[in-house]
Amino acid sequence: MEPYILIALFILIIPIFSFLLLGLLGSKMSHKTAGLIGTTGLFIVALLSYITAFHYFFSFGKVGETYEKFSASFQWLHLTDHLHIDLGVLLDPISSMMLVVISTVSLMVHIYSLGYMHGEKGFQRYYAFLSLFSFSMLGLVLAPNIFQMYIFWELVGVSSYLLIGFYYTKPSAVAASKKAFIVTRFADLGFLVGILILSYFTKTFDFNELTNVHGSIFHSHITTTFMGFSVFSWATLLIFMGGAGKSAMLPLHIWLPDAMEGPTPVSALIHAATMVVAGVYLVARLFPFYYFMTPHVLTVIAYIGAATSLFAAVVACTQTDIKRVLAFSTISQIAYMMVALGVSRYGADGEAGLGFMASMFHLFTHAFFKALLFLGAGAVIHAVHSNDMSDMGGLRKYLPITHITFLIACLSIAGIPPFSGFFSKDEILVAAFHKDIVLFACQYLVAGLTAFYMFRLYYNIFWGKENHYHHTPEEAGLNMTGPLMFLALLTVVTGFIPFARFVTSDGLKMETEMVWIVAIPSVLVGVLGIVIATIMYKKPTTISDKVATSMGGLYKAASHKFYFDELYMFVTKKIIFGLISGSIAWFDRHVVDGFMNFQAYWSNGLSSKIKGLQSGRLQQYAWVFAASVFVIAALVIF
Amino acid sequence: MSIPMEFYLVVSTIMFFTGVYGFITRHNMLAILMSLELILNAVNVNFVVFNRFLFPGQMEGMFFSIFSIGVAAAETAVAIAIIINVFRNMKKIDTSEVKNMKY
Amino acid sequence: MNFLYLFVILPLLMMCGVAVLKQAKQVKILMLVGSGIILLTSFVLLYLFLQARAIDSVSPMLFRSDLMWYSAFNIKFSVGVDGISVLMIILSSIIVFTGSFISYSMQEQVKEYFLWFLMLAIGVFGFFITIDLFSMFFFYEIALIPMYLLIGLWGTGRKEYSAMKLTLMLMGGSAFLLLGILGIYFNSNGGNGNLTMNILEIAKTHIPVEAQNIFFPLTFLGFGVLGALFPFHTWSPDGHASAPTAVSMLHAGVLMKLGGYGCFRVAIYLMPEGAETYKILFLVLTGISVVYGAFGAVVQKDLKYINAYSSVSHCGLVLFALLMLNKTAMTGAVMQMLSHGLMTALFFALIGMIYGRTHTRLITEMGGLMKIMPFISVCWVIAGMASLGLPGLSGFVSEMTIFVGSFQHPDIFHRVITILACSSIVITAVYILRVVGKILLGPVFDEHHLALTDATWYEKIASVTLIISIAFIGMAPFISSNIISDSLTSIISRL
Amino acid sequence: MEITASQIIFYILSAIIVGCSIMSVVSRKILRAATYLLFVLIATAGFYVLLNYHFLAAIQISVYVGGILVLFVFSIFLTSQVGEKMPQVKLSRRIAGLIVSLGGAALTLFVLLTQNYPYAAKVSESEIDMYAIGQSLMGTERFQYLLPFEAISVLLLACIITGILVARKK
């Protein structure tokens, strides 16, 4: 097992090295060299990840019947006697699984970008940032303690910021990057405070200790409460807040649609497949803690997830920017995973740990098909130079490969067998079905909506009314279609992986079986969604407009994303900037500084008064002299 | 001597305080100097009056007045010389305007 | 001859050199070489210190020596360093070094400028090497006076006003400080023996609690004014805004650290019970500083004001952590001093570079500088990231050490106020990104700016030096953290 | 009570002194102020005569009126235009002056009029003869004033020199 720890270290070192190389020397390189360095680096990382994951799952990971956690770290910063920040790697089922996901998608994006970003100014910078992101994301999933996770959590935030703002001369991109960073930063504050509380009461950052169900933490009885809730509830809730920020849960989702200002491959990598699932990963990481110490927080997570998925699915039906549709779809799907975690139980017997496993499974499959969708959308945008649906239509003839792969991804996300989305989504629905019928109903509805809006998107791009294009759209080169095809292949096959054998909440393998009572209706609702979309959008008709107008206020609200942006703008611009900051600045300049200036003012005034006594005006002296003499004389006399 | 001493003293007091008033209120340097003369004059009167009424056999009060007049003359001469010099340099003899030598 | 004297003698020799030399060019070269030598010397000091520490791990201060100054009052020029002073000396020499490089483009009255600059450096170095209250105060005052002239003569904007305000407020602070020092002095005999100004000897005795309760707030306030303690921070925005670049760097980078350093070396170390009594009050004030400074920075338009308010916030965090009176938080405080010193110096250097080119510091009048001066802009982004606490740069480790350390306090009030202070990291992100978005990114605002050039060689050296230092602390925090927490042991044992 | 001639003269002189001194300090034309001062000085000389100090009265006339006042008039001619009015004095300043002078006058008069004076048994009505004055001025015995006399002479000399030095053109 030792060599794999080393390999895992190399997985981290290679991308940071390539980041430094490209960052420091990038401006001296040609585009081609830079792209090659980045891609080769990632290629090696991917290989190493596959080797690590393969060996973890098939040789050294399994001790007896369970998958054990293997970690190695060194002390980076000593804080107190109990607390110290360590840096290292941790191999367990979910981190190995994430390694595969991240390195695969990242590699695909690297290759794809060779074509997509061809000739862009700042190509080297782009690859440098991609490497930085890969490094941070890999470091995040490999983190053996929560503080390292926080460190890399911040780093992915920054790389996301840098990549969203890649087109830095575009004001909308700058604003979007700023928004993304600040919103997630706000959520990270919750994360940090959560860590502080957690570590204060458990005296450790280490995941091994935090999630060891037989350890002392789980048997200690800390009953400290704060404002009516136990401190652990606060801690886990705040940590979830961090996760909600990165994973764009309601109400911290507002940054993700705007983040689509970044280059499309970046959206595929960061804002669809990897970084946004960090929140899910975080909850999964601490799942035993959540489950045993604060089960009610899990319920909260489930409901927030359900609300988010429904909300995002409704909004996705009304958006016209294809990347935004995908963004809301991402929010919705990640919320799905959160629901799955929320309804899950710990253990592997029967349906107990199904939710956890389903969540991870959906994370796995979603990463591939959503990346595929984004890259496909990127190919479309590359061909027609627009993000807007109304500028597209009838593209199936011009972009055959993109069309087919996109269709596969759409079917997958709609939950049509035998594509991967069907399997993972089905498990989630089953888990919800066993736990809470309200959640199940909600998710069931979302499944139908998902099928509808994805096919609305699909038909609007590839069918419908054919636009007049300035120059004929044509399929891009192999470096762009190759990743599409590869990911389509993964989308088709990954559903058949017996995921429950590998990734479960307690490391023991579990068996799953089709629950037909859930599976058949879920397929049916998917098909229904597709059929409605087909009727409305396959041929250019006016049905969709009629439906939209008949929905009235709901449609308007949904197309404005339920006014969340406006609300946030109001809060930040008016309240934070105007009310708090503005008044503090005023207060500082006028009251605090005014007080200091007033000191100066009165001492100045007083001194000039005193100086006035020594005025040199003889008559004044005489007056004072005479008056004093008379006063003194009068005092003597009377 | 049919006039009581107090009568003289009352007159000299009024003269003295008129001088004081002038000294304080006047702006013109020469006018200030004149007020000063009033004050000095009042004092001289007092010397003489006290001499005459209280110590008639002696002459200190009178001599003091004489010397005082002499000193007043000297003082006035110098003061006027200075005032003229100031006027020559600054073209004004108003105390509120001649500020260059203050502070 | 004590090795530490070099830190006063070298700048003095440089002053002589500067005074003798005729041409501006020669003066500048002398400054570059001299400050380089000081920088090297400080690293040699670190090396020697670590060696000496390995042999003698007991004495609180190494390289001790005393020179009698005035025997009637038992005032000595006592020097000695522990790990914290060594790090502060290194920080100062880095800032002096980079400040000299930044001042390379100085045009008017070069000689006088550098004379005062060196005098400031002497004050700073002297403060960090002495362990005698009187000498400390002496060097403190030495550092203040050149500030007035440097801002008043070479500054920009409302320089006379700012210089006056800064000097008067700091002088006001030092009046409190003098009272505090005298109070300590007259209570230093512990009932017997001679009165002494030597910190180590005072620390051996126990100052009566009643005296501590009087003199702790005075001393703390005296140093706190320099450390930009709310509400005595208003000299900072005006002073920094008017000061010439290198002076801003030295001031925000080192001089403000004098405040924090003094707070714990004199106020907290010598009067722990006083600290215990007053810490709630001062914690509230510093907590306000932290959040208030951050909010204040959000709406400012002048780059230097933004940075000055951010300094208020960050220096507030230093005092905040010191008052937590535990080892981790205090380690964090010292690291925050280092980190903020480097970071803010980098910021001021960059502001100076931008201002020198665009002749404006208003963020509303700039935009898209990334295209025009990529080097400066990238440095700016790095500095900003350090300031908002990006892992891998110094801001993160120091803030995290402070937050974790402060949160370990068993009292609920301390933990709640820590959480409030934590919220500043979000606000910091807001104002940093606002500036980055406004001036560096986006379309070019002013067509005239297109003709501007990127950083020159000396500016590059200065920026790169600072960035390397920031990254070094950020990547390998265990080195500085261990040195600091070792040195804190003797202080903590008194609490 | 019969009214003697000396009383009448006294009242006239007093009226002149009081009236003219007040006019002298309030008049806004400086030359008029000087003229009022002249009347005051002459009336004062009249007082001296009433008190039988003829020699003093003569000095008063010759030095004050003949010397000092002429000096005043010359310098007034040198420094101001004919008919020029001095600016009105600020009310606050006048009130300040009035307060001090009236207050002082009231206080002094109160003291004056409530005091009992040790009057000499016989007030000499006779004039002091010049011989005695000359003796007193030119001797160095008790009650003789040679030294002050000489001092005054030196002072006057110094004044002459100073006046020349100060007032002469550069």
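We just call them A, B, C and D in the order they show up, numbering each chain from 1.
In this section, a contact is a pair of C-beta atoms (placed from the backbone, for glycine too) under 8 Å apart; a residue touches a chain by one contact, two chains touch by 3 or more.
Remember, it's a predicted structure, so these values are computed and weren't measured experimentally.
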Between the pairs A-C and A-B, the one where more C-beta pairs touch: A-C
CA centroid of chain B to CA centroid of chain C, Å: 68
Separation of chain A from chain C, taking each centre as the mean of its C-alpha atoms, in whole Å: 37
Cα-centroid distance, chain A relative to chain B, in whole angstrom: 97
Cα-centroid distance, chain B relative to chain D, in whole angstrom: 7
Residue list for chain C, restricted to those that touch at least two other chains: none
Residues within chain D bordering two or more other chains: 96-97, 100, 104
Where chain A touches two or more other chains, by residue: 623, 626
Pairs of chains satisfying the touch condition: A-B, A-C, A-D, B-D
List of chain D residues in touch with chain A within their complex: 96-97, 99-100, 103-104, 107, 110-111
Parts of chain C lying in touch with chain A, wherever the complex brings them together: 165, 168-169, 230-235, 237-238, 292, 295-296, 298-300, 327-328, 368, 370-371, 385, 388-392, 396-397, 400-401, 403-405, 407-408, 412, 415, 418-419, 422-423, 425-426, 429-430, 433-434, 437, 440-443, 477-478, 481-482, 485
Footprint of chain D on chain B - complex, ascending: 1-3, 5-11, 13-22, 24-28, 30-31, 33-35, 37-38, 41, 44-45, 48-49, 52-60, 62-63, 65-67, 69-78, 80-85, 87-88, 93-94
Residues of chain A that touch chain C when the two form their complex: 75-80, 83, 85, 147, 151-152, 154-155, 158, 161, 165, 168-171, 174-175, 177-178, 181-182, 185-186, 189, 192-193, 196-197, 199-200, 226, 576-577, 580-582, 584-585, 588, 592-593, 595-597, 600
In the complex with chain A, residue positions of chain B that touch it: 20, 23-26, 32, 95, 99, 101-103
